[in-house]
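Scrolling down, you'll hit the structures one after another.
There are two complexes below, and they share subunit A, which is joined by subunit B in the first and by subunit C in the second.
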Partner chain A sequence: MADAVALLLALQMGDSAFPSGGFGFSWGLETLKADGLVRDGAGVTAFATAQLTRRWASADRPVLRAALAAQGDIDSLGRLDREVEAMSLASEQREGSRRLGRALVRSHVTMGTPGAAAFQAAQRSGRVLGHLPVAQGVVWGGAGLAREAAEAVSAFVVAAGIGQAGVRLALIGPVEAQAMIAALRQVIAAVLARPCPERPHAFVPAAEIAVMRHETGDARLFAN
Partner chain B sequence: MNARGEAPPPQLDLVFARAPAGESYLLRQYAGFPFHVSRCLQLDAEPNGMATVLLQSLGAGLLQGDRVAMAVTVQAGAQAHVTTQGSSVVHSMAGGCARQDARIVVGEGALLEYLPRPMILFPRADVATTLEIVLQAGASVMWCDGYLAHDPQRAGERFTGLSAETSLRDGSGTLLALDRLVVDGAVLDEEGVMAGYAVHASVGLAGPGADEALAAGWRTALEGIEGVHGGVSALPGATGLFCRLLARDGIALRQAMLALWRAMRLMRFGVEPGERP
Partner chain C sequence: MSAETAQHPGAARVGIGGPVGSGKTALLEQLIPRFAVRGTRLAVITNDLVTKEDAERLRRSGLIAPERVLAVEAGACPHTVIREDPTLNLDAADLLEQRFSPLDLILLESGGDNLASTFSLELVDYWLFVIDVAGGGDIPRKKGPGVVQADLLIINKPDLAPHVGVDLEAMVAEARAVRGDRLVLVTNCRSGEGVDAVVAAIGRDVLFDAAS
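This part shows the complex of A and B:
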């Protein structure tokens, strides 16, 4: 029964209907399409794979893990948050991460998740910025999600969000997107089986350039 | 590190200062192997009095086990341009790695352009680089780092590893920006990462004048350069600008680097730099 409760909790945290605002972000995919660098489902899959293996695995994962371990320690969370800010070199990337983090925390404050209100207060006072992987660590830890499940849900949210963005951009059909997410399960499992890096790092230049070019581009369906 | 865990002194230590008449000069220079420092040149009318130094390598490049460190200090009010004569080659290795660390301090109201040529990574090369920049109040810095893989035998071999970290801090030690990547050579073949390009580089600009108008100038400068794909954005806290570049080859990258440098000079000082020998 405890396993069923844990599974249901993970499903809810990863549910695309959870009010966290993730549908408004493409993380560069919109501009990659506009620039002709992603044209179809294969391109979306390559983009998602890069986001999972070259960014999420090495940057979001260690931050999420550190935030889970720092429950309630606002000073530690603030230091973590400032490093995420410093590493987010495209402005729409860091604004998107902060906005999503704020929206996630707001929902959990309403739900009464332990730790969410204190983190939101720290956000409002400027002690923390509330980037997404930090916020995920705070609220998912508060909700009782185990570390392994939190990491799997976080990676799944990336894959599902890119699938959704690909469908809205007409790069991939809805069923094809689900097939892509299914195939990415193995990619995510392989990432989770590897040791988690201690120091966050990332290398997704094509996507990062796209987020930068989005600032002045004509394609504005998404916030980045 | 020596037996006591201390980092050895840098093989290159340059200190630029500003003379009372306004001209910048090398107050101190130490260059041990593999570095050789050109004489201090005054190449441009603007920025007025800027000192230009060309770094040359007497070695064959970075070899397994090498540890190269450099320090560049630009004292308050001085202006310096530091570049390299050619690219640094990182040679093939058999299980070990090489390391290059650079530390830059730009004093109050000073200006540094630190624009070395890109590193060339041979098959099975494994290298770690760091670039630490400390920016005092009112100081400006333009920096770049770039990496390209070269496979002379065309055997389809890639470099083993590249770890590169660039940090920008203010005088109090507060972290302003951090670019950290750790990759293996397989990344070059990943469409979702490189979008079919072979070379990547980063260019940063921090300090007064590194604003949205200059960002627009940089975007315009990159337009029309064949084989280059780049983006420009504001650094966290509006401390400056950051440009990520992908390029088809080293020639296209060089064109992009020069275009960004010229655009910065034109917008900040009203004139482009003169032709270099």
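This part shows the complex of A and C:
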């Protein structure tokens, strides 16, 4: 029974219907399409794979893990946050991560998730910035999600979000997107089986340049 | 002033929805100066669908300080951002309230959508739906959720009725018939005719506890 409760919690935290704003972000995919650099489902899959293996695995994962371990320690969470801020070169990447962190925390404050209100108060007073992986660690830890499940859900949210953005950009079909997410399961599992890096780092230059170009581009269905 | 700030209940949030081209931004341009005259402390959020055009139009209008207008991207989902997942709009409203406190009213303009769009009451306290005569006299008869459920239905562009073969009186009567007791107003958002009644309705039904 306890396993069923844990599984249901993980499903809810990873549900694309959970109000947390992710549908408004493409993380560079909109610009890569406009520039003709991603044209089809294979391109979306390559983009998602790079985001998972070269950003999520080395940047979001260690931050999420540290945030889960720092429950309630606002000063530690603030240090993590500033590290994410410093390593996010493109402004729409930085701002997007902060907006999504605030949106996620806001929903959890309304739901009464333990720790969410204190973190939101720290956000509003400027003690923390509330970047997404930090916010995920706070609210998912508060909700009772175990570390392994939290990491799997966080990576799944990246894959599913890119799939949805790809569908709305008409780059990939809705069932094709699900097939992509199914294939990425093995990619995510392989990442989770590896040791977690201690210090966050990321290297996805094409996506970062696309996010920078998005700031002044005409394509604005998405926030980045 | 500090006592007033301490007791301020937070800004009321009013949504403005409706199909593309029905006159939502034009209505905003008519509402903003009227609320300014009334002394209502105001900010605006726009959910442009494809560009930042509506937000930029308002920022350049001279009607409102540009920093009081925020654009929220909808990820090609104009329904979602005002109903299923309004968190990005709520976040923008939080930011405006933090920056310009105290605010009395935040107007949220939806991206142009269809007749099935509705606002979540987790996002807004009250919402308007704007349709226009040129969109067809049969729109009220179709009983779209936007037309039926909005707190206030606005029928815009009445001057076009004779040019597009619409019987305005019948359109208004049908709108009243499908909405029961809910308010229906006719505006011309180019000339401003009828807009005072919209301000009066928001003042009466939404701002009753705020400075007037």
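Remarks
By definition in this document, the second predicted complex is superposed on the first by the 224 of 224 C-alpha atoms of A that agree within 3 Å, B and C clash if a C-alpha of one lies under 4 Å from a C-alpha of the other, contacts with A are read in each partner's own complex, and residues count from 1 in each chain.
We adopt the following convention: contacts are C-beta pairs under 8 Å (C-beta built on N, C-alpha and C of every residue); 3 or more make two chains touch, one makes a residue touch a chain.
None of the values given here were measured: they were computed from a predicted structure.
By the touch criterion defined above, A:103 lies against subunit C but remains apart from subunit B after alignment on the C-alpha atoms of chain A. Applying the stated contact rule after C-alpha superposition, one finds that A:168 touches subunit C and leaves subunit B untouched. Of the two partner chains, subunit B is the only one that A:210 touches; subunit C does not reach it.
In the superposed model, more residues of subunit A are touched by B than by the other of subunit B and subunit C. The contact sets of subunit A with subunit B and with subunit C never meet.
On the side of subunit A, the complex with subunit B involves touching residues 32, 35, 37, 43, 45-51, 54, 58, 82-83, 85-92, 94, 197, 199-213, 215-216. Listed in rising order, the residues of subunit A touching subunit C in the complex are 17, 19-21, 23-26, 99, 102-104, 106-107, 110, 124, 165, 168-169, 218, 220-223.
Note for the complex: subunit C touches subunit A at residues 48-52, 72-77, 80-81, 84-88, 90-91, 94, 98, 122. Residue ranges of subunit B in contact with subunit A, taken from their complex: 165, 175-183, 187, 190-197, 200, 216, 219, 229-236, 242, 244-246.
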